[in-house]
């Protein structure tokens, strides 16, 4: 990742070590605490004018607390959205610590205003994750990056699966994975399946993937760990249907017009476009939904989460705005 | 303090070491981070049904993050109030992490509802700090605890000063202290002056107190560090006027009917009763305000912050309520 | 692992989270520091009569520092041996913090005496790792645990490879792995190859293993991650030759009489028996040495590192000895 | 202190926050652990060629562990000496982690050689603490810095008391202080008494000092917290007798020829010159010893701990030497 950051022109990159092994609720808390200790050292050394943090994860919270206790103005990207889980709590808590907000949707802006944030501190810039998606969408001259997909030729029609564990449904993680797997097997379409992020429960999914890989070696299912963002988006852009519970289905896929089958509660509450079909963790329902989406084919692009200028707008606003660490709820 | 907690009947008391020396914004952040690491260990060992945290300080945030990341239901006391400073940010952020709220005032309850908290999770119990104040107020048979005031006889009329540094006005801490000190000297009334809490800036005040003590040894000003809660409240109950920027002036003093001169921005936004006179850090204004309050004398008791049953109500509700860690903003 | 500890009869098991992801020299230091913070909490809660720590790894140092600063008697197992690397430094530093020593060999005892440790605090008990090896050696009625070797039938003759990265030779890790791999391929004997422990450099080896596995899938080389201790020792007991730089070649293999080819500097300085052939990371030298050991066949058992009663002796001594935290160098 | 460091010409000064409040054995361990985490961040940022650490305290250990795990050459000053307590353990453990040693005495060098350190890595430079003492001793034209002694005129004859708590004799700290205090009162000579360092037990001494100050206000005893090093050494240089258990009595006082009464076990084992009279914590013995030293008067200077060039020699050697992190015990 430092390589990608460097490609974007950043020169002073500081690595922070705060991620504890064996992800579980206790290590999640300690990772957050250690992140504060580490980031406080970094902030003391580089004395930033502002700290920018995004979304709703451990490190978001660590950065938000270190900055706000150290009287450094805090900007938060992707606030005001709704989901479930610990993400929901962290996102809104970070909004209450932040001095300036860059939101993805008009509804998110209204929600922050309802929460008591000062309207003048909330900027509806769209989501920066859409910026690259639009470049990938428009740049028709560039070819699909076969190499970065591990030299596996995608079939004329293929699925992409992205399923993360739901931390508050930890007892169901294995069942959910197995339901989805049996549906995908039954569909019998070439599939790129991404292994989950480091959330609590991911270890169970990895274990199931390994067990499955050793046993069946279904040649139609390719498990992938990570792709570079552009390669990843090209894989999404050309897929026939995106299946699972990733926010990619809600955000980037709506812009790319990709049919999405969103399963379970993880994206509950998040605004979505017409391309998303919501269902439960039931194999038959999954099969029906995917087949329905395959029949439908691509959707119109939706600009719900942005028009591709979020990054530039945010950078421009940060450069010009007057920064302050004093805030008070508006009511 | 363990002694007081044991007197209240608690048997399993675990001490946590997280407070770093040399309070400043960086150590404040690190103290919070270390507190998360330490409390996560404690929570893992004792597996609490619920974690209860109060107000808006470092350790409040540490407890809130450890509990919420560990999927332990979190109850927050004193949410929904308004002040300024980092306290304001921390208090509302903790509310967004909390699963249940015990608030001091009706306005605080309404504010949490506006912020998107589910009304059924918000209980207007009053503030537990009022509980002991009412006992002190009513129990006329108990005599003033001279001993715990270091055997110094209070004069027939005396002031109490409680002034904390304002973390976002750190450059003014010394001036603010000196303004207040010159006003108190000019008033020439016996005064009990409490040294500040461990917030950033306290070291400056301690230094000024020491310099002043070594130089002038004004026999009318007695600096005190800490009293046991009951002795403290008795000292407040009998004082002619409480001066400074402590929340005691807003909460306990309103119940006890004590005239209060509240100086500066620290309590901005907090609901207050008629007993509070708000002014700036100007020596003349302080003198005028204190004299005006001395002329006025005691006020009627206000029950704005509770009627003395908060602790019992909270305990009772905690024992009976159904606990959950799933929450979502109401809009 | 908690399961194994529980099988041994321990009832109060406390898990500690201190291992940071992305092993490198910086995270190694931080893992040690966090381990001290975590173990200090544990020691404060359970107030142990003594802390027992073993060998020379991060957690050894963490336990030693927490115990010694907290005035808890510290017993160290496997002190007084010689290797290279950070292990060498950590081992002797821990000896200087320890109040009582349980050593594996007579030479280790003499070395600790030379280092200034009080002779009465040094007990030559042998190494506990030998205890299980002797049980595995003698228990001829039990059959090889095929199942725990992932159902892969060992050939009539097979090798075991255990190669760890050498932290101070980090630049050579990949080359060393490749030299060894080319030698093993050339030997063309069925081989169980264990992936390395979490030392700095392990990630490079994992990467090479993965690359190799994806490319060639040599059916004669089986990569294994971990086996239960008894299954592991049975696999060693029946192997024709143990190759690499693991201490298993020095300790357990000498007791089991297994021919060992020890490569490189990692075990430099450690006492060894006749079963060990020392060579450098040169493919031809490795091939020659393994062939020579295959021709030689099993060796006589050596009791250099213990006679199988270390654990019982240590437990018995700990139960009876007078504990103290006062020590002074003898000269 | 940053001011003093800056005066010495250092430009890049990084502050580290690791000291936990409420010193006790548990916080001592955690302070050490947090120090490792903090110093590892610093070392990663500035990539030092070598880390130099001194003596035997928490931060010595933190620096030693961070450097050695990070493969940064470690130099240790004041190794090879003997005392008691945790200091004794820490000092020798740090020696086993260090790659190069700058020792104060010939005996210390021999001891490190006996401990198995390579002779070529041990340099007998003398102790840097003596360097400033010699400047103070020789510079007769400079006058005693009355101002920095808080404007209190020293009498023609005065004592200096420096007594630290002994961590392994924690139960006796108060008694030891009281014995010493009653002896000093009986002696009835003007006395400058330094408050102790932050070791475990210091809080008890502070409490006793406060109690005594509030009660008796003996005008002959002045409690001092800290002086700048030069002012401190001038105060020592002119004192009639140094009393207590500080290493200053062993080191700087021997060079300055000051009579010393060393009480109790804290300096047991440390080499000393003729100026030191060793006794126990008995008021009568203390009185007799001080009177005997007052009768004797100043001693000849001893150069046991150095001849005033330690700092320059160490700097010169560090600049020229070949650095390595590979070491192995010599036997």
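So that you can tell them apart, the chains are marked A, B, C and D in the order they are listed, and the count of residues begins at 1 in each.
What we mean here is this: a residue touches a chain if its C-beta (ideal position, glycine included) is under 8 Å from a C-beta of that chain, and two chains touch if they have at least 3 such contacts.
Keep in mind the model is a prediction, meaning the values are calculated, not measured.
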Touching both chain C and chain D: give me those chains, sorted by label.
-> A, B
Farthest chain relative to chain A (centres taken as mean CA coordinates) | D
A-D against B-D, pair bridged by the larger set of C-beta contacts | B-D
Where the CA atoms of chain A average out and where those of chain D average out, how many Å apart are those spots?
-> 55
What whole-number Å value describes the gap between the mean CA coordinates of chain B and chain D?
-> 42
Residues of chain B touching at least two other chains = 26, 30, 34, 37, 41, 44
Chain B contact footprint on chain C (complex, rising order) | 14-15, 34, 37-38, 41-42, 44-45
Would you pull the chain A residues touching chain C in the complex into a rising list?
-> 17-22, 26-27, 30, 34
In their shared complex, at which residues does chain D touch chain C?
-> 25-26, 28-30, 32-37, 39-41, 43-44, 58, 61-62, 65-66, 68-71, 82-86, 88-90, 92-97, 111, 114-116, 167-168, 268-269, 325-329, 331
